[in-house]
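Can you read through this structure? Questions will come right after.
Chain nomenclature is as follows: A, B, C and D, assigned in order of appearance, with residue numbering initiated at 1 for each chain independently.
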Amino acid sequence: MRKQISLLLLLIVAAGFALCLAGAPFGAEGARESRRLVKDNVNYGRRYVSKGLDENRCANIVTSVVLNYRGFDTLGEVTILFIAALGLGAVLYGRRAGASPDEAQRPSLILSTGCRLLFPLIMLVGIYIFIHGHLSPGGGFQGGAVIASGFLLICLGCRKKKLNSVALGAAESLSGLAFVLLALIGLAVGGSFLLNFLPTGKVYALFSGGIIPLIYIAIGVKVGSELSGIIDNLSGEVR
Amino acid sequence: MSAQGILITAFAGAGLSYALGLTSARLREVFAIVVSVLLVCLIAITHGQGAEHVYYPDFLGLDLVLRMDALAWFFAITVSMVGCLSVIFSLHYVRGKEKENFYYFALLLVNAAMLGIVLSGDLLSFFIFWEIMSWAAFLLISYKRGRALDAGLKYVIMSILGSCAMLLALLYLYANYNTLVISDLAQQIRSAAGGFPLWVMLAFALGFGIKCALIPLHTWLPDAHSEAPSPFSAVLSGILIKMGIYGFILVMYGVVGLKLLLEVGAPWLHFHTVLCWLGAITILIPTFIALLQDDAKRLLAWSSIGQIGYIMLAIGVATSLGLAGALFHTLNHAVFKALLFLAVGAVEYKTGGVRDLNRLGGLIRRMPVTFACALIGGLGLIGVPLTSGFVSKWLIYKTLITEGHPFLALAALVGTWGAILYVYKLLHNMFLGQLPEKYANLEAAPFSMQLPLMICGFIIVLFGILPGIPLSVIGGIVGTLGFEPVTATLTGFGPQIGPLNTLNLCAAFAGVLLVIVAFRGIAARPKPVSQDDSYAAGAAAPAGKYHHTVRFYDPLERMTGGYLRDWVDQFYLSAAGKAKGVFNGVRRIYTGDVRTYVMYIVALLTFLIFAHTAGWL
Amino acid sequence: MVSPILLIAVPLALAFLTPMVGLASKSARRYMPAIAMLFNFIVAMSLLPKALEAPIIVRTAGWAPPLSIHLVAGPLGLLLSSLVALIGLLVAIYGIDYIREGARARYDVLYTLLLVGATGVVLTGDLFNLFVFFEVLCISSYALVAYRGDSAGVEAGMKYLIQGAIGSSLVLIGIGLLYGTVGTLSMADIASSVGSVAGSRLFISLAFMIAGFGVEAAIFPLNAWLPDAHSSAPSSISAVLSGVAIKAGLYAIARVVYTVYGASSILPFLAVLGVVTLLVGEMCAFAQEDIKRLLAFSSIGQMGLILFALALSSATGISGAVFLIISHGLAKALLFLATGYMIYRTGSRDISSLAGMGKRMPIMSLCFTVGAFSLMGLPPFVGFASKFTIVRAVLGTGSTFFITLLAIGLIGTVIEGAYFLRIVQWLYFKPAPEAMPEQTEGRAPLTALVPVGLLAVLIVTIGLLPGIVGRALGPAADDLLDRAAYIQHVMGD
Amino acid sequence: MNFLTSYIHYVGCFALVLIGLYVALVKSNLIKVIIGINLIDTGVNLFLVATGYLGGGTAPIFSKAAEQSQEMVDPVPQALVLTAIVIGVSVLALALALAIKVYDHNGTLDLRKLKGLKW
C-alpha cells in the first residue's frame, strides 16, 4: 500500500521534473543556445569567468567565487560544519563507544608503524591542497578532509591513540575566529565585510589572491580539526 | 468628573486593592469599599452631563473615545450601585477564605470593566472592556473550584464564541464606515444608502445574546450563576448579563437606529420580530424550569433568564413604551435579583454552604431581616403593585397590548404566574416551615450583609411608590434613542400614556390593610398553640424535621419534568462531546511513523504540481 | 556607521570564541550567548529607525549587489532580527541556570548559532545564502532538540532531522531550478528577471520551495516534527524554536512568494492552508495532556493564523501577520520558559501535575496566565492587538472568500480559549496534592524569574501601547509587498 | 529521444532524487532512510552542477598554459555545490550520531517501532 502510494506520488513529482525541463531553455547551456546570457554577461557566472582573474588575481575562479564573491556562504558553511561537530558531541555526550580499548585487539606492529609513517605524508598532502587552493583544484575543505583522513588512519591503525580534544577544539575555535576576523578587518578597512584588502599580487604566484589563501588556510585547519573531532567523538568517549 | 476619571478610579482601585491586600487584609477591605462608594458618588454627580472625548488617540489606528450620556449614565449608576453592594456584602462572605486578594481584585476588575463598557464611546473600547469583563468574570466563576470549574469553562467558551462574532461584526462596520466612534458611526450608517446587513446584526446578536443568556444561548448561565460566589452571582445576574442588554440597545437603537432596524431581515420576518419571539420563549421555558429547581441559586439563575426574556421582548417591540419598560425592568431586575442572590448568599454563609431548598426551612425566626428583604425582592420580581417591578411590567404589558401582540402579552403574563410560584417556593422553603434543629442557634447575618439587602429593599419600594424618579431619566434616554420621549409624573403616568398613579394604589392598599386590621380587631384573637398539639396529637414531638417540604412542585415535575429539561444544553454538550471525538480523530494523522510524515511532505509537493498542471493554481 | 552585517558576524565570532572562554572559566562561558544577543539587540534597535526610511543594503567583499552576496536590512528584516535578539537574550539569561545536564559547553555555542541562523535568514538578500543560514538554523536545532540525549529527545531529533533534511533538499532543488532559469541568485535580481520567464518551471520551483521551507514553518501537512521536537527539547530550546525558528521558515516563504516570485496566484491556496493549519493545530492541542506538547500544537495553530494573514496580500494583513509573529514569539517563549521550571518542580509534564501551581510558584503562574491570555487574544495583552489587526485586514479586503475562511478560523480561537483556560484553572483553582515533595532544586532562580517577568511586562506594555511596534509594521509590510521598491533599492537605479 | 539526449544529465540527477525519496518513503530501516536522504542530496548536488554545464567547456581554473583558450563552465554552481556537500556531510554526521543514540535507547532501528512520540 505504502509502496503504491509512494510510487504514485513520485510519478507525479517526476512528471513535475519533466515539466520543468520542457519549455524554456534551461541552465547555462540552454542560455547559451538561446543567446540569453543577459545583462552584460552577469548571469550564469559569465562575469566571474571574464573578470574574476583581474579582480582577485586568483587563478581558480571557483575559489574566487567561494571565498570572495560568495564568501559569506562559505562562512555559513563553515559554521554548519562546526555545528555538526558540536551537535554530534552534544548528542553523544557521555557515551562510550562499543568495546572498551582493553578488549579491542591490539594493532599489529606493522600496522601501527605504517600508520605513523603515513600520517605526516597525509598531513603534507592536506596542507599542500589547502595552501594551493587558489591556484589549482582543491582548497580548504578538500585539504581539511585529507587531514582528517590522516587522523582517521591513526584512530583505526593505532587504537590506543587518543586525540587531544582540547587542542582540536582550540584549533577549531581559533581558525573560525580567524576567518571572521579577517572578514571583519575588511569591514573596518574598506567598509565591506570580506573585502579583499591585501595586495593581490601576481596571478599564478603562491602569494596572490590577497586574503583568499589566508582564509583557505583557516578553513583547512578548521575543517581538518572538526572532521577529526567528529571521528574522535564517534570512536571514543565523549566528554 | 469626567468618564475618564471614573474609569481610572475604577481600574486603579482594583489594582491598588490587590497591592494593599499584600500588606493588610483590613486595609484592603476598607479600601475596596471606599473605592466602590466613591464610584457611586462620582457617577451620581455626573448626572445630566453629556461629553465625548478621546482618551487614547491612535490605538491601532483608531481613536478610543469615552462618552457620557443619559444611557451610559443610567447603566453606569446601576453597575456601580450593585457593584458597591456586592463588595460590601463580600466583607464577611469571603473573609477567611483563600485567595481573598484575588477575589477582591477580580470583583473590582469586573465592575471596572463593566463601567468601561457602558462609558465607551466607540465600539473598539467597548469590545476591549467587554473582553476584560469576560475573562475576569471567568476567573471569579471558577473561584469556588469543584463544579465551578466546568461552569467557568462553559461560560468562557461561549463568551469567546460570542466575542469572535462580535469582533467580525464590528470590524465589518469599521471596514465599511471607517470609524468605530459610536456617534460618527450612527450618523454614517443612517445617511448611507441601503439597509443594514442581517449577518452583521446576527453576529452582534450572537455576542450580546450569549452574554445576556437569550434562549438558545443561555446554557452557561444556570451553571455559572449557581457555582459563583454569591456576591458575584448578584453581580453576574444583576448587572453582568445586563451588559448584553446594553449592547442590544446600543447597537439596535444607538448605532443602527430605529428606522433602519425595522427593515433588518427578510420582509416577511424582521430581525426585531424574531427577537420578540425569542424573548417570549425566554420568558416561558426558563420560568417553568425554575419551578423545578431545588438549588436556591439555580432557581434564581433560571429566573434571571426568564426576566431577561421580558427585557428582550420589550426591546424587540421597538416602541417608546417598550424601551422605557425594558430599561426600567433592567434596573429593577438588577436590584431585586441582586437582593435575592445576596439573601441566599447570607443564608448560605450562615448555614455553611447549604443551598438545597429541601434541607432548609424556618429561618424566618433566625434571620428576620433577611427574610423581610427577600420578601420585598420576591414581590418585586413577581411585580406586585407598590414595588418597582410592577411599574416596569405594567409598561411592558401596556405596550404589548396597545401594539397588538396578544400572544406575546399572554407569554409575559404566564411568565408572571410562574414567577409567583417559584418565588413562593423559594421563600417558603428557606424561611418558612419548621426550623431544622441544627440551625436552632443560628445567628442573624452580620450587618455588612444585611445592609445591602436593606438598601435594595428600600430601592424597590421607593421606586415602586415613586416611579417618577427613575422614569424621568429613562424617559430622557428613550428620547435620545429616536423614540418619542416618555413623560412620567412622580407617581405614575399621565393620561396620554395611560393612567397609572401609585398614590391611588397606596390608598387602595391602605384601605385593604385597614379592613384587615379592623376585622382582626373584631374577630377572636388567635390563640397560640404549641406545635405538638396539632401535629403530634399530644405525643412528644419527634426530634427530626417534620414540617417541611421536599420536592415542592412534585406533581408538576412529574407532569412536565420530561419536557422541561434543558434540551439546548444537552444538545450543546453532545455536540461538544462529538467535537472532542473529532479532535481526537484529527490527532491520529500524526502517526509517529516518520515515513508517513515524509509522505505528507511529498504529498503537498505533489498536490501543488498536480494542481498546477490541472490549472487550478 | 554600524553595519547590519555585525548582527551576524559578531555573534558568530563570539560563538567561535565561546569554547576558548570555556577553557578559561566555565562560569563565564554560560554568559556568552546572553552577551552576543545583547549586542545584537542593541545594534538591531539602533539600526531600525534608519531602516524604516529605506532598507540598508550591505555588500560583501566590496561588490555591488548582483555580483556578491548582499544583506538587505529592511524594516521587516531588522524588526524580526530585533525580535530574535530580544527573545534570544531573555532565553539566554534563562538558560544560564536552567541547563544543568549534558554537554553544557556545546549548548552555549549551538544556541548562539541557532539565533545567528535565524538572524541571517531574515537579513540576507541572496537566495542561496538564505538557504545556508536556514541550514545553520535547522541543523543547530536538530542538535539542540536531541541535546539531552534522552529517548524522547533523540527520537524527536531524528524525526525532525529526516523531515528537515528532505525539506532542505527540496528547497535546494527549487533554487537550482530557479538558477537554471535566470542564472542569478540575488533575490532582487531574480525578481526583476523572473517576470519574463514563461512556463510551469517557475511555479514548480516555487512549489519545491514552499514544500521545503514549509517543513520548518510548520504548515499543515508538513508539521509532524514540531510537536515531537518542541515537547522533547529542553524548555529554553522549545522557547526559541517556537518563538523564533518556525517564524524564520515562514519569513522565508513570504519572502520567496512575495519578493522573489511575486506569485499572487498561490496566495488563496496559502490562505486555505493557513486556516487548515490553524484548525488542525488547535484541535490537536485540545486533547493533549502533556503541557509542552499542548504548547507545541498551539504554536502550529498560531503559525496557521500568521500564514493566513500573510496570504492576504494587503498591507494591513501583513502588518497583522508581523504583529502576530512578535506577539506569538513573546507569548510562546514566555509560556515555555514558565513551564520549564514548573516541570522541574513537579518532575512531570502532565497538565494535572500543575494543580495548585498558583500557590507554589506564584510569579511563574501569573506570567503563564498573562502569556496564555495574550495567545488567546484577550485584551489588554498584545495578542489582542495583533489578532485585531488581522481580523481588520480580512474584513478590509471585503472578499467573501477570506471572510468565510476567517470565520472558520475563529473557531480555532474558541478551541484555543478552551484549553488554555483549562490550564489556568489547573494552575489556580485546583487544590494542590496534599503530600507534596518539596523539591528545593525546583525553585526558580532569579535568572529564570527576570526573563519570564520581563516577557510578561512586555506583553502587557505592548498590549497597552501597540504604537511602540505599530510604527514599524507599516514599512515592514511594504517591504514585502512593494517588489519594485525592493528591486530598486537593491539593484540601484 | 531528443529530450533524453539533451537532458540526460538532468534525468540522471532527478532519478537519483526520486530513488532517494522512494527509499525514505518506503524503507523502514533508519540507516536506509539516512542513505536515502544522502541519495537525494547527491542527486541535488549533481543537478546543481549540471545547471552550470556548457558543452565543451573546461573547469573554471586558469593556468599559464591555456589562458582563456576555451569556454569555461559556470563556476557559481560549483561553489554552491561545495557548500551543499558540506551541508550534506554535516546532516549525515548528525543523523548517524542520532541513529547511534536511537539504537542505544531502543535497541532497534526499525522506524515502524520508533513511535514513542505520536498524536
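Keep this in mind: a contact is a pair of C-beta atoms (placed from the backbone, for glycine too) under 8 Å apart; a residue touches a chain by one contact, two chains touch by 3 or more.
Predicted model, so just to flag it, every value in this text is computed and none were measured.
Novice: Can you identify the chain nearest the overall CA centroid, using each chain's own CA centroid?
Specialist: Looking at where each chain's C-alpha mean falls, the closest to the middle is C.
Novice: Tally the contacting C-beta pairs at the A-C interface and at the A-D interface, and name the larger one.
Specialist: When A-D is set beside A-C, the one with more contacts is A-C.
Novice: Taking each chain's centre as the mean of its CA atoms, how far is chain C from chain D in angstrom?
Specialist: Chain centres of chain C and chain D, defined by C-alpha means, are spaced 28 Å apart.
Novice: Per the centroid of Cα atoms for each chain, what is the distance between chain A and chain D, given in Å?
Specialist: A distance of 16 Å separates the two centres.
Novice: Could you give the separation in Å between the centres of chain B and chain D, each centre being the mean of its C-alpha atoms?
Specialist: 68
Novice: For chain B, what residues touch not just one other chain but two or more?
Specialist: Within chain B, the residues that touch at least two other chains are 587, 590, 594-595, 598-599, 602-603, 605, 609, 613.
Novice: What parts of chain D, by residue number, touch at least two of the other chains?
Specialist: Answer for chain D, listing residues that touch two or more other chains: 21, 24-26, 33, 51, 74, 76-77, 80, 83, 87, 90-91, 94, 98, 101, 114, 116-117, 119.
Novice: Multi-chain contacts in chain A: which residues touch at least two other chains?
Specialist: Touching at least two other chains: 2, 6, 9-10, 13, 16, 19, 21-22, 26-28, 44-45, 70, 73, 76-77, 80, 83-84, 87-88, 91-92, 95.
Novice: Chain adjacency by touch: line, ring, star, complete or other shape?
Specialist: Contact pattern: complete, every chain touching every other.
Novice: Where on chain D does chain A make contact in their complex?
Specialist: 3, 7, 10, 14, 18, 21-22, 25-26, 50-55, 59-64, 72-80, 82-83, 85-87, 89-91, 93-94, 96-98, 100-101, 104
Novice: Chain C touches which residues of chain D in the complex?
Specialist: Interface residues on chain D, with respect to chain C: 17, 21, 24, 30, 33-34, 37, 40-41, 44, 47-48, 51, 74, 76-77, 80, 83-84, 87, 90-91, 94-95, 98-99, 101-102, 105-106, 114, 116-117, 119.
Novice: Enumerate the contact residues on chain C facing chain A in the complex.
Specialist: My answer: residues 3, 5-6, 9, 12-13, 15-20, 23, 58-63, 66-69, 102-103, 106-107, 109-110, 113, 116, 120, 126, 128-129, 132-133, 135-136, 139-140, 142-144, 146-147, 149, 154, 157, 177, 180-184, 193, 197-201, 204-205, 207.
Novice: Hey, which residues of chain B end up touching chain D in the complex?
Specialist: Its residues touching chain D are 587-588, 590-595, 598-599, 602.
Novice: Over in the complex, which chain C residues touch chain B? Could you list them?
Specialist: Residues of chain C touching chain B: 158-159, 162-163, 166-167, 170, 200, 203-204, 207-208, 210-211, 214-215, 219, 221-222, 224-225, 227, 265-266, 269, 280, 283-284, 286-287, 373, 376, 378-380, 384-385, 388-389, 391-392, 394-396, 398, 403, 406-407, 410, 413-415, 417-418, 421-422, 424-425, 428-431, 466-467, 470.
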